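Common to both upcoming complexes is subunit A, partnered first by subunit B, then by subunit C.
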Partner chain A sequence: MSRAGWIRCAVIAVAVAALEIACRMQLIDPFTVIPPSQMAAALADILTTRELLLEISTSLLNILIAVCCTIVAGIAIGVVLHPLHRVRRILDPFLSSYYALPLFAFYPLFIVIFGVGSIPIIIMGFLAGLAAMILSTLDGLDNVPRTLTKVARMHHMGRLSTALQLQLPAAAPYVLTGIKLAIAYGFIGVIASEFILSGRGLGFAIGFSYNNFDTRTMYGLILFVLLLVILLNLLLHAWDQRMQLRRRR
Partner chain B sequence: MAAGGDHSALKVVASDAIDASTAGEVHVEIRAAVKRFGGTKDSGGVHALGPISFSIKRGEFFAVVGPSGCGKSTLLDLLAGLARPTEGSVVIEGVETKGAVPDGVGAVFQEDASFYWLDVFDNIAFGLRRSRLGREEIRRRVDYAIDFMGLRDFAHAFPAQLSGGMRQRMCIARTLVMEPRFILLDEPFGALDQQTRLLMGEELLRLWRETGATILLITHSLDEAAMLADRIGVMSARPGRFISIIETHWPRSRTSEIVSDPAFGRINAQIWSLLRKESIISMGRK
Partner chain C sequence: MRKSERIQDAVILCAAILLVWQCLHWVVGSTALTSPLDTALRLKELSGADWFRADAWESLRAMGAAALIVALCGVSIGIILGLHRLTGSVAEPILITFHALPKVSLYPVVLLIFGLTISARVAFGVMHGIVPVALFTMAAVLNVRPVLVRAGRLMHLSGPGVVTRIVLPAALPGIVTGLRIGLSVTILGVLIGEMFASKKGLGFRLINAIGNNDAPTIMAIAVLLSVFAMALNYALILILADRRESGTR
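After this line comes the complex of A and B, so read on.
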């Protein structure tokens, strides 16, 4: 592990230890926050007893579908928009303002249109990350050297093969940033939607535990989400580092 | 190293007509081509190039020198089929290009065009994998190109691990494996030091001799043009036109050792005497 990695682990360990001590010494109200060791024990119970397996699998499936759709649609829209300079100039302010939209206000509307179930939740997860994926793809394509497009034409490549075989691989670092954001926003969109109004999933289970003062289960589930997102980001980071090695002298 | 041909009679050919001295088979021809960017056909826009007319014989090595901004890269784009002339035409092997890249044409650009996510082998194989060739034939051609360019020890290295010269050799190899009949090179050695440029020039001559391809080299280096080319087109300041085409009469077997030949110095001086005024104009000085 690198020096930065060790320092990172040390900072996390110190923070967790501080929280553990603060909770054990009741400097923090135990009704509000439980010690990290109890959170870990709760998570272990959840995973071994499988009592919430259905909620976990429902959410993970919704997140997977939402994130995959975000990535595919975001990249496709980015590739289509990239050469259309006038359309981009028109859409730029809207894409930049996208994050200010209160997306969760549309959730009840999606329920009315699509009914209660996974579809409106998946749509929320999809929409939450879409702008980030489009903007990252556009940034990446903007940074692809024009010479590569000339090389593509010399090889008689059409627009689609140029995009898939040259432009997107060249834009990979930016696209990967978009994917990281799509995953993060996908988790937020799906779990928050389940929290607001759903009868299934991690968000629902967290809300149910909260409303029933079952802080142990609630924190166990929150820790699960946290660890899963960190693991996914670590995997993407490792892949990114491998790609960066190819660019580094 | 044997001296060149009759260097006491450097042949300078007027450029505003199709070159009458090209007695052999004509491979590439530009006919009264003009390129403007922006504006309409009749007015406005930037007049970048032309009218320009010349032809290149099959198997000839033709160099183009000119001041900065005179339209050399625009000329290359027209010849490669990457751009369409506003007026006039570009004809390669008897077929007008009409803004499409013709078969049998390859190009190496000034900027780094290596695919950083692929190793050297995969970079060179890139174009071949899009063709219908079998894996064994692809491997054979790529291995040949790697050995030809002296990249055997770096076949599985990534471009970031190579020097600038090695990356350009890789890009040349990527063009070479497609077996183009007409190769365009736009300042391929621009970023390299003088010694490396001379050696790379020798490699280019070796490639030219072994493939028999027609080559057009665009360069800022008068030495490079004088050493490598059968004929040198000297361009004016923008809008670029040929003010002269100089024949060097070098033997096909030439190497970098001709830089010590007195004729090399005379060719260089001839190019500079034509180019100096145009360079001053392009710098905005009177």
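After this line comes the complex of A and C, so read on.
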């Protein structure tokens, strides 16, 4: 691990230790924040007693479905949009300000159409990552080397086979960046929707335990979400590094 | 791109959005999605109401405060991280991970610290926006051509002078892009905070309307916020475009 890596670990360790000491010495109100050791214990309890297993699995399933839909739809829309220059130019301001829109205001619309349940939540997660996926795909297709387009024309390849066999593999590093963003935003979209507007899932469980002053369970769940996101990001980062090596060839 | 073409594109985009909106309205009915005309009428009605104007002002206050803190602190942190390489490389993965967290899961912690006050809503907004601004600023500062800094030092410019007169202007495009993205999510963060931890503000009115299934009000508030956010976004894009066109590099 590099020098920066060691310093980073040290910084995080010192921060956690400081929090632990401050909580144990009652410098921080135990109603507000509990010591990190107790957070870890709460997390262990949640995972072993399996009382919140339904909530956790509901959330993870929703996230998985939402992210898969985002990736497929984002790539498809990107591939279709790429040759249509005028349309792309018209949609450009919309796509770049996409993340300024309060999408959760349209949540009731989805409930009316699809009913209460997982589908509106999945749609929220899907919409959260869609723009990032489309933009990354477009970016990747922009960076496909010209020679490949000429190869496709020489071999009289159709649109679909050009996309699948030449363009997408060449655009893969950028598409992977889009996938990373789609996963992160999908996660955020699903959990935020569950927190504000749902009766099931991790987000709801956190809000529920907060409302019941059950700070122990709340922090255990927050720690779970934190660790899951960190783990996911580490895996994606490692995969990305391998793709970067390929891009430099 | 000529100005007339840009205006044409904007008109086509607005027309397309209104058309899609109207068609969706005919498909799903007014309990879910009010027509553009009805939404406009409701908005006019609301803007005449004192209570609505008070709530809008409350939201604007919180968003403004959050935006100011995000802009000042985010850019400052970004500059420090960019200028001091070691601190930057230590902090970057931590910030990236924080950015990928569903910050909604940390909301209860913020509420426990700040209580149910306007500071909590401002803190939500800051929590969302400060990291993208810092990361983009850091990247922009790192990309400043070293020859510019060396030229400054050669002409006996002091440390702070180098920062304000050379680094900041050179990094400005990247900083403005970061502000664009960061301020959008700051506004959303404050809005979400108002939605479940406030009795005042547009977010509270929104969640109220969702609860009462008052579709016209939901759409009116959502449209108002979207237009505000997109206008801010577009203004920052135009500032960037102007700078580029006037040849300041």
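Assume the second predicted complex is superposed on the first by the 236 of 249 C-alpha atoms of A that agree within 3 Å, B and C clash if a C-alpha of one lies under 4 Å from a C-alpha of the other, contacts with A are read in each partner's own complex, and residues count from 1 in each chain.
Going forward, contacts are C-beta pairs under 8 Å (C-beta built on N, C-alpha and C of every residue); 3 or more make two chains touch, one makes a residue touch a chain.
Everything quoted here is computed from the prediction, not taken from an experiment.
*Asks:* Considering only touches as defined above, state whether A:L166 meets subunit B (first), subunit C (second), both or neither.
*Replies:* First partner only.
*Asks:* For A:M243, using the defined touch cut-off, is the partner it touches subunit B, subunit C, both, or neither? Pick first, second, both or neither.
*Replies:* Touch status of A:M243: first partner only.
*Asks:* Of the partners subunit B and subunit C, which touch A:H155 in the superposed model: first, second, both, neither?
*Replies:* first
*Asks:* With both complexes superposed on chain A, which partner does A:L109 reach: first (subunit B), second (subunit C), both or neither?
*Replies:* Second partner only, subunit C.
*Asks:* So which one touches more of the residues on subunit A, subunit B or subunit C?
*Replies:* Result: the larger residue contact count on subunit A belongs to C.
*Asks:* First (subunit B), second (subunit C), both or neither: which does A:P145 touch?
*Replies:* After superposition on chain A, A:P145 lies in contact with subunit B alone.
*Asks:* With both complexes overlaid on chain A, does A:Y174 touch subunit B (first), subunit C (second), both or neither?
*Replies:* A:Y174 sits against neither subunit B nor subunit C.
*Asks:* Between subunit B (first) and subunit C (second), which does A:F126 come into contact with in this model arrangement: first, second, both, or neither?
*Replies:* neither
*Asks:* So in the complex, which bits of subunit C are touching subunit A?
*Replies:* It is residues 1, 9-10, 12-13, 16-17, 28, 31-33, 86, 89-91, 93-94, 96-97, 99-109, 111-113, 181, 184-185, 187-188, 191-192, 195-196, 206-207, 210, 213, 215, 218-219, 221-222, 225-226, 229-230, 232-234, 237 of subunit C that touch subunit A.
*Asks:* Give the list of subunit B residues in touch with subunit A in this complex.
*Replies:* Counting only subunit B, the residues touching subunit A are 80-82, 101, 105-107, 109, 111-113, 115-117, 126-127, 130, 158-161, 175, 178.
*Asks:* What does subunit A use to touch subunit C in their complex?
*Replies:* Answer in residue numbers: 2-4, 7-8, 11-12, 31-33, 89-91, 93-94, 96-97, 99-102, 104-109, 112-113, 184, 187-188, 191-192, 195-197, 202-203, 206-207, 210, 215, 218, 221-222, 225-226, 229-230, 233.
*Asks:* Mind pulling up the subunit A residues that touch subunit B in the complex?
*Replies:* Per the stated touch rule, the residues are 145-148, 150-151, 153-157, 161, 166, 169-170, 172, 243, 245-249.
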